[in-house]
Amino acid sequence: MPASFGNRIRVTLFGQSHSAAMGAVIDGLPAGFPIDTQGLAAFMARRAPGGTYSTKRREADAVEFLSGLVESASAPGGTDGTGLVTCGAPVAFLIRNTDARSQDYAKLKDIPRPSHADFAAYLKYHGYNDIRGGGQFSGRLTAPLCAAGYLCKCLLKQKGVTIVSHIASVGGVCDTPLDPMALDPSYAARLADPFPVLDEDARAKMQETILAAARSGDSVGGTIEVGVYGFPAGHGGPFFGGIEGTISQALFAIPAVKGVEFGAGFGFAGMHGSEANDPYTIDASGEPRPASNRCGGILGGISSGLPILFRAAFKPTPSIIKEQQSVSLSRRTPEPLVVGGRHDPCIVPRAAVVCEAAAALALMNTEDETIE
Amino acid sequence: MPASFGNRIRVTLFGQSHSAAMGAVIDGLPAGFPIDTQGLAAFMARRAPGGTYSTKRREADAVEFLSGLVESASAPGGTDGTGLVTCGAPVAFLIRNTDARSQDYAKLKDIPRPSHADFAAYLKYHGYNDIRGGGQFSGRLTAPLCAAGYLCKCLLKQKGVTIVSHIASVGGVCDTPLDPMALDPSYAARLADPFPVLDEDARAKMQETILAAARSGDSVGGTIEVGVYGFPAGHGGPFFGGIEGTISQALFAIPAVKGVEFGAGFGFAGMHGSEANDPYTIDASGEPRPASNRCGGILGGISSGLPILFRAAFKPTPSIIKEQQSVSLSRRTPEPLVVGGRHDPCIVPRAAVVCEAAAALALMNTEDETIE
Amino acid sequence: MPASFGNRIRVTLFGQSHSAAMGAVIDGLPAGFPIDTQGLAAFMARRAPGGTYSTKRREADAVEFLSGLVESASAPGGTDGTGLVTCGAPVAFLIRNTDARSQDYAKLKDIPRPSHADFAAYLKYHGYNDIRGGGQFSGRLTAPLCAAGYLCKCLLKQKGVTIVSHIASVGGVCDTPLDPMALDPSYAARLADPFPVLDEDARAKMQETILAAARSGDSVGGTIEVGVYGFPAGHGGPFFGGIEGTISQALFAIPAVKGVEFGAGFGFAGMHGSEANDPYTIDASGEPRPASNRCGGILGGISSGLPILFRAAFKPTPSIIKEQQSVSLSRRTPEPLVVGGRHDPCIVPRAAVVCEAAAALALMNTEDETIE
Amino acid sequence: MPASFGNRIRVTLFGQSHSAAMGAVIDGLPAGFPIDTQGLAAFMARRAPGGTYSTKRREADAVEFLSGLVESASAPGGTDGTGLVTCGAPVAFLIRNTDARSQDYAKLKDIPRPSHADFAAYLKYHGYNDIRGGGQFSGRLTAPLCAAGYLCKCLLKQKGVTIVSHIASVGGVCDTPLDPMALDPSYAARLADPFPVLDEDARAKMQETILAAARSGDSVGGTIEVGVYGFPAGHGGPFFGGIEGTISQALFAIPAVKGVEFGAGFGFAGMHGSEANDPYTIDASGEPRPASNRCGGILGGISSGLPILFRAAFKPTPSIIKEQQSVSLSRRTPEPLVVGGRHDPCIVPRAAVVCEAAAALALMNTEDETIE
């Protein structure tokens, strides 16, 4: 079913860009798990609109819990009795849509935006689709995905797993890749930024690329790289239970993702086995492990014990101000289109945290070790 | 669960490279569906080992049906009463493993092949994994996937959907891309080859690349491109029900796939919206449709009515003859490794038909239109 | 996952008796489906507390839609633009908990009610369970199940399917069974009652039984019978896809259900085949059909074309005023318990509509005919 | 999907009564789990046909493993290297159909047996259903269910869980119920019988009831009671994750089951709360637990720590020799029917072990404790 993901931690999303609210139900969280509401707000802020490089729509995106929690003195912020822990019931929350300007979308009901989901939704739902703000296909729906993914990220954190992300490229400008062998202690500070990059020169060039696109009424695409450090070896599985497939399914739920690759990814296509293979070594603790990580931490769908590394490709925002060729669905005639409304010239910076959330959700749903 | 895929047509795989048999159970096929056993054999032959560019292991890979079929005079080959149709019960079949030489693998139980699933399987299954021929991680398991996918491909064919594939690249050598707008009638003949390419110059260069790798005891990677023509608009869905995610999950079940991209894919990352967007036009029949197909036939996870196009990246076969650095799992010491056995210097040619099968299986499991 | 049911129309429930709200997400409803909000309110009123024979807790149980709907002039109540239709996105709604008196439950955190879920929840969630009002185990959670089931019932109604229910027994007092062969036109009026029975004498005796139990600080059990008329033949399936199993799984989600039987049910255990079998006949339209319906409309897990009939057994409400023997969980000592709060002396009358909802949900998730 | 059950240990069944073979794929078994092939054969023998009270069809029902196992010296029977353990890959097996006499069924293709699945299958599969021996609706399909359930039963045994069953009634003759509070050590010996009862007088009367039915060309129904001893408290869950619903779904996959009840079951409908409730006590080890077990070991869908007890009602075999009224499907005319072939006058004795298997499969798929 489209709205649900996972058989261990199942997230079910709901909402449209301009519905009363959007949100999610999360089933399977362990009871007694403390909710770090401040950490959640900080995580959501990394995705929130409002920065220089994003849409002018401004919403607090406050997560309002409806069920699944009880008060507990042991939870963060809980000294005054306001700390919250899970009680074993499904956790449901909503995020209100407060800054919707639906009138911007009247024209688009008849004249669809090129390369936007509006057209396919019109075909699928026979015109009943909610056109306002892109309906359920809006990037706004990544807000409940982030909130749900944050809880998964916290569960993983408890097990010693750290997930980081950065803008790997915007237009043709590339950042330094993440360290494939170990978590760099400087990442925590450097990648908490709303425009997360490792190379300051790349940052400046990427930002200029985005501003140039915005100035010409255009948009620009890019890639996000995610690194998962500390994930235990031996999770995942063969066939349809592989970690690559599970992460991919979660990533393609993010609007605008059109490609996913693990480790060397498409680069493998040009390699020989002798270049591609990761030899084994005995590490300092006497354990066998790969000595390099071109495989992105996954062998046969199973975690190898090395960091899990992947990249997702984002197409440029389809909503651009430049005039484009469209059609009138009612009159069956060509119509030029200039898109109004408030749109991101580049959604890639805000997408980094969404990719982390998707990865966390996916990894909480990979198979554990199965030995008794 | 790792072995199963799909909620409409569910395929459950089983088997290891050297187990008595491998096979699948297919649940959800409509009753009265005729099995084209000759077509199935031809499809399987495209994946079968034995060609110049593949392993020397030779097996008939005959599909032996165990259940789910009844004889019917109306089925292909049925004039003498031997035609088979589905009866509504799950269709189960097996493929026997007849040319297994398990002694080749004794050494690998202790000294894992770099970048092969052996090592991860050892970690996950605590040494109980079946090492013979790579166990359930062997490329041989794509044989039952092909047989199951072929039945899905026949179901789609009944609805007017054609799936074709070719070797998009080997090493750095690229073939001409598939036509993104319409099925080229010449594809049927040109792509039925065990080494399916469109450009004869590319064929020669690719084959030379593979033979050169084989001569030096090495292997080489590549990409497969698949085109789905005639798939109806309005299938798939938002969130986790998108066609990209569903196809990806099926593709990553194929050993060695490390990346998947749709339409312009990773190329989008370097584009502006004005270059990337597919404008709309009114076609000859008076219907609105995209005038170009950089989106690969999918918008918002939903089919647009244009061909669905994607590429999968394959890493080079990890089993190479060149000496590599490995370790002894029992002694915790470095060990050089020279892999014996019979291995493909390039699995990409045989993988084309497997990608078609995975696509067919995925597409039979995307959501239909939901209007009543 | 506990909170979700269904692979065609998937309902995901959330909420506890005293959480901010409870509700559900419904995925898979067709787009353009009109919501009959008045019909929904009337259906919910049949389950709502407040009658003579139920708890004194009073709540409007208004269903507040959060997403999945758009305004449409074509929907009921839509002449002024307020009619609502589905837009293809998941439909989410909440029901607020407004009359919660959590202080009634402080004692029960330590001294569990005999035969109530409190004790098992304490074991499962290690004391983190929400004790207030029974938490997620409260009968209140049948409110969102009813609302979701009502939408399924409307979908079935469009296909000509009518679902009715009545109190088959309370204590030892039995009502007349439903007609096993055809829908009695008088049912619509007679069974819309908050205390739905067919036999007025039985009604009086059942009500006296309940009042007598209430007077003595006790409660009483009973059974509900449901009839599904007009359900098409050939739905459902063998093995785990049978209609009995699917309906049962939905029914056992209703707190207090401890048995389910179809047609003659447990009565079959004392019969001979010659008494139990339903012979075939040719009906007035020339079609073959069973001439009797001891099988409850289901053969081999598949609908036979006759009405589907089943009964669910409800245990008496565990929360009784009479003193009972319990224990202190903290002190590990015996403790007598007198339960306060507001509880139903018999939940069976309010359960009828819940069983209809569960049946509707289950039937929307049985397999269709599979012929192409 | 009809053929599959479970999200932790998933069993996928295949086969028809007269197909080449039937069998199952079992996904999710832990690696390194030893297969007790002698125990399996003994378990299968309890279901096998051939006794005085069953069909004359005789088949060895040998389980032939196809995949998922490797040889291990540590497994039972493994001193000579022939012991088998799971390797983490899906375990697939088949059971050949060797004594099929398909000609017995030619007539039934046109003249369906009253109350048999043949008629519903004809409607669902539009005449393509496999009529031979009842096709996939045959009781023979309980053989692979038994084999799969046996492996689950062994897994549970490792955790200290014992499952026993007996014939609770045949016709109107009832056996002594199982002990609801603790496993009686004598059960192991007394219930290993192919006709498992506790009361020898009941045995004689039941057998006489069956023989009398057989003599008059008739059949007779009955009930099976299952007891699960040692199952840990706190498993299962609310809503659709309850143990009752999970067990029921598995039980209704057994042909002829028409009712399921837990603990006092339908008896609750006539009780007051003060009679029905199980008071709490502090047991000898100082732990709180219910002092009686009318709830059948389940509260709120969660195991209470007491034995889980349930009964399943079986209708009489529909295939009886006595003349019955049927119809010709082709001619649309009434036709008397006398069923030939070899059929059980009472399938209840052979069903006991099948109910154990279904319970084991269901219990391996209930949710664990969720505390971290």
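Going in written order, the chains are labelled A, B, C and D, and every chain counts its residues from 1.
Criterion: a residue touches a chain if its C-beta (ideal position, glycine included) is under 8 Å from a C-beta of that chain, and two chains touch if they have at least 3 such contacts.
This structure is a prediction, so every number in the text was calculated from the model and none was measured.
Between chain B and chain D, the least number of touch steps comes to 1. In this structure, the chain pairs C-D and A-D differ in their number of contacting C-beta pairs, and the larger number is found at C-D.
Farthest from chain B, judged by the mean position of CA atoms in each chain, is C. Chain geometry summary: the mean Cα position of chain C and that of chain D are 27 Å apart. Spacing of chain A relative to chain D, judged by their CA centroids, is 45 angstrom. Along chain D, residues 1-4, 7, 13, 28, 31-32, 88-89, 121, 124-126, 128, 136, 238, 370-371 each make contact with two or more other chains.
Touching chain A in their complex are the following residues of chain C: 1-4, 6-7, 10, 12-16, 19-23, 25, 27-28, 31-32, 65-70, 72, 85-92, 94, 121, 124-126, 128-130, 135-136. Of all residues in chain D, those touching chain A in their complex are 7, 28-33, 88-89, 155, 158, 238, 370-372.
Put simply, chain D touches chain C in their complex at residues 1-5, 13, 112, 114-121, 123-126, 128, 136-137, 141, 169-172, 213, 218-223, 233-242, 244-246, 248-253, 255, 257-282, 286-288, 290-291, 294-296, 298-305, 313-320, 322, 324-327, 329, 332-334, 367, 369-371.
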